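Here the structure comes first, spelled out in structure tokens, and everything after it is commentary.
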């Protein structure tokens, strides 16, 4: 039995364990995807198997590439906003917040306080949606025939109904604007949000009793896909995947963007960095989000939701550049804009957290079986809209 | 199968036999026995065919209701015609046979599978007078027929001449063979207690009630209860049901031995799986749950086949309930569970049943301890390294 | 003990199974098309052009073909051709109108930026979604005739919003008429639909 492959070997092919020649065993090369029930979108993995063990894994991306960044160079600043909704299509509120933050940095636009509270409320609701979906999908990949997924989607529907009554659309909300938010919620909407928040704790309790102590789930996910903190940091991994490896890095605390310093919440950290930790950290983060939501809904002030001096059409920021990032549900989502004084940016770049987290897929899957590779991919939490842009 | 006590049975109890005898009475005497046998076969096929059809519907509806949705409810009232719609769909699909496949094996595999699953029904006593074939070694015959189904799985994988099918078939076969042993060992205490391999004798040995209320079924004894649990877990694995449904998993890479099958042959594989489920559940009812015996003395007015049907349905609903809840085990975890957990427990269970004699409460206490302790110890060893975790939070 | 987690899971599933028969929170399917889920007032699907009267939708369109929505539309699904002549608008003044106003529904992404940037309240969001068609090319290109819908329809879809828009427009018109009625100063008429500076309650 040869020594485990070195993580930073200069020659990538040295990561493959040599096959004993006398058995003439050939390695089986299989392509999983792009049409596959478990790849979370159109995503292909070229997996090389030695029996059941993965010895090489090459992710093939780009099936959902839609020229988002090039379109960003042609569209106006306002026109790019709806496209940002479609990047990570589960989390439209947080994507457009990051973009609006970047443009506000470029133009020096102020944001009224009510809008800041609204942004926090919607971002935390989005975090709830995203992590609930992830839990459902992970368990679906693990083989629970759809039951946790259906429960997750049942709860997600309540939040999507909130989004629809606020912004007009369930997923592609087009809600943030440069200088605040587009629509002011009515008191009835805030009460609805309060009801959803209050009911979410009970749902999480039921979900956890269904699955968290489940021996089969623990056997399938504990010890699988271990991510060392040093590798995570050096690969630029962010979000729950990083925190599951034990690294304390959450932009809501590090950057303190918006009004997050006003809220009291904790950052859960994992010790093992395996798939189970990534799943459990997200469940714990959901509980913290419920706490933030309660505080925000209690303290939200009155006032305008959009800065009265905000300019929407024909925005021509002065020449300059800005990078704004927020802690999206999947990790650090950032927008880098270079303006040259014209109505469209000169360069428009998205920092996609799913894509950067996905680059570690091979390292996580080496030595595991194919069934584990599917579960590991589920725990990284990718959305192809963001990976491919 | 008329008996001396038939005259004292109730009308409903005698009805199936009267119907069969009436039908075979229409034929001349030398043919009567053959016709009577054919009618029994036809009855089993018809009943269990319908059970299979409505079991698929029940599974989808129960899975749906568990998931807060209705399940199929459009075809026919409440979705009752759904199985027939599915059957028509399967029949009208194109039957594709790969060019390089071994045509004989490829064709015979589903046939053999269904055939062996069906002949296992011959020794299950469905009611007091409704045992199709009364064999002295009925239980042995049943499990021999069940082992024949494993041959069919391998025929399917080999005959498809496809690397992936063969690998999948080997995996499925490994699972089936690993779980044969706990399956068989689980009911050996029952045989020891009943003193016979004949299914009629086993059901008769569970007759009677203590104080007219508590039945003397084997499941109410410590070794019988442990055996029942072991038997049901092994039965889940033998019929490829969740959480042991790796061979049919859709999120897996390889569709397994079923890769090269389409249309009606594909449906036959699933029919065989459900027949196997019904047969194993029927045998579990016979061995552990008292067969067609009523739970209390005064409930004997209800015919015996109704009790059998209720118990069978209860076990089948348990299968569906487990499918709705549990995720799937990986192949190595599956085989490890069989060899390192179920087989030792089954062997220890044998020991706990082998001691007969006076002092029944003491015997039972010792038997219970004899099974419970290894269960806890081996269970702890099996789940060493995995367990619920406590998470820390970052310092504020 | 090995198996307790599994038993907890079975309990939850059983609770949902039994609950689905009596608890509406545990049976959340709306059986479309017999039962349609109600859409909130804000829900949006595709744009439509607002006309003042149902009797003459083409003649009373609020749209003056300023082409701002065409310019701002992110996927560029709007195509407008100005008219060569002028027609009297809803307030009697002569104004341009769109000779061609096409929206390609298969391209439109329902972002409603066209609604936001329109200075004349001429284009609003509809809520139709049952528009599937077997014709691949021309059936999803909505022209002027298909897009023009009366203000009464707008009130039906979005009552609160429509009431606000109407109040604002009436206030602006009252202001225009008041200015035009003043004989001493000759002021150019303000454009219809300009944002009212008067507090509500001023309009007749």
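Order as written gives the chain letters A, B and C; numbering starts at 1 within each chain.
Everything below uses one rule, namely that a residue touches a chain if its C-beta (ideal position, glycine included) is under 8 Å from a C-beta of that chain, and two chains touch if they have at least 3 such contacts.
Note that this is a predicted model, so its numbers are computed, not measured.
Novice: Using the stated contact rule, I'd like to know whether A-B or B-C comes out ahead in C-beta pair count.
Specialist: Answer to which pair has more contacts is A-B.
Novice: Return the chain whose centre of C-alpha atoms lies at maximal distance from the corresponding centre of subunit A.
Specialist: Chain B.
Novice: Roughly how far is subunit A from subunit C, centre to centre by C-alpha average, rounded to an integer in Å?
Specialist: For subunit A versus subunit C, the centre distance works out to 32 Å.
Novice: Report the inter-chain centroid distance for subunit A and subunit B in whole angstrom, where each centroid is the mean of the CA atoms.
Specialist: Inter-chain centre distance comes to 44 Å.
Novice: Between subunit B and subunit C, what distance separates the C-alpha centroids? Give it in angstrom.
Specialist: 60
Novice: Would you please write down the residue numbers of subunit B that are in contact with two or more other chains?
Specialist: 66-69, 324-326, 383 - these are the residues of subunit B that touch more than one other chain.
Novice: If I count partner chains per residue in subunit C, which residues reach a count of at least 2?
Specialist: 2-3, 6, 9, 12-13, 16, 28
Novice: When you check subunit A against every other chain, which residues touch at least two of them?
Specialist: In subunit A, residues 147, 151, 154, 210-218 touch at least two other chains, as defined above.
Novice: Within the complex, which stretch of subunit A touches subunit C?
Specialist: Residue positions touching the partner: 75-76, 78-83, 85-86, 147, 151, 154, 157, 161, 164-169, 172, 174, 182-183, 206, 209-218, 312-313.
Novice: In the complex, go through subunit B and note every residue touching subunit A.
Specialist: Per the touch definition, subunit B meets subunit A at residues 63, 66-69, 163, 242-243, 245-246, 249-253, 323-333, 383, 385-389, 391-396.
Novice: What residues on subunit C touch subunit B, complex-wise?
Specialist: 1-3, 6, 9-10, 12-14, 16-17, 20-21, 26-29, 31
Novice: Which residues of subunit B touch subunit C in their complex?
Specialist: Residues 62, 65-70, 73, 321-322, 324-326, 375-376, 379-380, 382-383.
Novice: Across the complex, what residues on subunit A touch subunit B?
Specialist: Touch residues, subunit A against subunit B: 28, 30, 32, 36-38, 47, 52, 139-147, 150-151, 154, 210-220, 222-223, 248, 250, 253, 266-272, 276-277, 280-281, 284, 369-372, 374.
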